[in-house]
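Chains here go by letter, A, B and C, matching the order in which they are written, and residues are numbered from 1 within each.
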Amino acid sequence: MAFRFFPKSFNFFDLFEKQVSHAVEAACLFKEIVADGGVSEDASSRMTAIEHQGDEVAHKIIDQLNKTFITPFDREDIHALASQLDDITDMINNILNRLRVYNITVVDKNLVEFSGIIDQSVRAVSRAIGGLRNHKDGQVVFEACVEINRLENVGDAMRDHALSELFASARDPISVIKWKDIYQEAETVLDVCEDVAHVVDSIMVKQA
Amino acid sequence: MAFRFFPKSFNFFDLFEKQVSHAVEAACLFKEIVADGGVSEDASSRMTAIEHQGDEVAHKIIDQLNKTFITPFDREDIHALASQLDDITDMINNILNRLRVYNITVVDKNLVEFSGIIDQSVRAVSRAIGGLRNHKDGQVVFEACVEINRLENVGDAMRDHALSELFASARDPISVIKWKDIYQEAETVLDVCEDVAHVVDSIMVKQA
Amino acid sequence: MAFRFFPKSFNFFDLFEKQVSHAVEAACLFKEIVADGGVSEDASSRMTAIEHQGDEVAHKIIDQLNKTFITPFDREDIHALASQLDDITDMINNILNRLRVYNITVVDKNLVEFSGIIDQSVRAVSRAIGGLRNHKDGQVVFEACVEINRLENVGDAMRDHALSELFASARDPISVIKWKDIYQEAETVLDVCEDVAHVVDSIMVKQA
């Protein structure tokens, strides 16, 4: 797949790589926290810091977009990527927040599995975004997008399995309310990664 | 209402009609399943097949859009239609999935009513989409959109009634959680049909 | 911050000011209702009337947008504003609807607080929208947007606090289901106000 030449003067690629690096950090920290079995004060404030850094980069991208006349790819694709990459970090932070608000001190094996899949998917998002810059990385981008789609399907099945188990075994309705929410939010992170893959895919097709 | 001439060489109309036919199939199968009182393995895999076919058409439309310079109507309207028509089929499949995950073996009369309204609304969506191609079908499209809006209001009232009943009578909180979810998803299908009507309406106004 | 001249003949500004005035009315009525401790038939039909008026203005804006070739700012920003301002009124109406459907006759102090914050945020949205028309109101718009963002953060903390309290103290799962829904919808109104602030901010940057 051949690419048009992108003027080097634009730093959209730098900004997107920075933004996705915050998403990778968030997914990685989330995996650690879940492996540790619960949310500490320290972990929680580290996540908040990552989320703020991600927010800042998103604002920079939108700001630069609004001030730039010629962009390396379609304006609406830049806008979509900036907001979706932001959503990934926000949503991971949201799950953590739910664990705190619901006072969940023991994390179950389903969430541990989810955190691993989310981590893999966000890393694939990072490869896809990284590949956008380079003219020759069509294959890398393509494989990353296939992987993201695969992991979204894995996540769907995982959520269904987790919900089936939850509803089949649960005695305590309050606990069902809490975990149903958490599993669904975990799956939504994978949906947003898939949205990114769709936008990246569109950019590649248009550049071809 | 007069239309500009659309070049015959574009097959966006064929693709949209194909995509909406999968939504009609999904709505029809859903009505059958609900009338039968529960989800069989067979019905469930037929729905999955319909959903995959719908997905494929959506991808074809986006792909063609990305490769096409001149489109019969605004690019963002084509994008919105493709993704909303896809959502209709996805969401109907989701409800089925919920029935399975929640292990609901007896369907209530409210869901039977919902399935009828969804079927009617998706058929109206099909008429609206079909009318886009023909220069003289302004009236058909207009009437279909009015019908879709009417059914969305019917659906709102139906969901409120179903939820009132559920909360007023329910003894079992787990069952409340399940049915609240299902009624809301059923109503959301009608919301997405209304979104399609809005886009179709916009296309008509711009072509006038 | 300097502005380009906007042709006086377009009445998008009038329409947006009209639409936001309905949102302000809705937020104000909601605050009254919640202060009164519950939803009366009369209050409920007043809210429905406001929501319909808001809907009508939204349709007028989209219709005018579809028929207008040159717009005072980007078409997609006009579209986003019209639909987000509509969402504010819709969502406030939705909360009222939930109170009725869930047969909630006694409103808690958290919702009273929320209604106050929503009222403040929608008033800031009104100032931001009002400032769009005037070339010299950059500072007013900027301050209104900062205020909206601040109130969204306040709302997040308020929802977390309300949910923590709800889950920590609740004996009755059905009541948890109801109030969790209501707090989340209340917070979502503030999210939509923040979305408006983002669009307004983008418009200002592009006009600068």
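In this text, contacts are C-beta pairs under 8 Å (C-beta built on N, C-alpha and C of every residue); 3 or more make two chains touch, one makes a residue touch a chain.
Since the model is a prediction, treat every value here as computed from it, not as a measurement.
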| item | value |
| --- | --- |
| Relative orientation of copies chain A and chain B, as a Cα rotation angle in degrees, nearest 5 | 120 |
| Proportion of interface numbers common to chain A and chain C (over half same, under half different) | different |
| Rounded Å distance, chain A centre to chain C centre (Cα mean) | 28 |
| Residues of chain B engaged with two or more neighbouring chains | 76, 173, 177 |
| In the complex with chain A, residue positions of chain B that touch it | 62-63, 66-67, 76, 97, 100-103, 173-174, 177-178 |
| Residue numbers on chain A that touch chain B, as the complex places them | 76, 160, 163-164, 167-168, 170, 173, 176-177, 180, 198, 202, 205-206 |
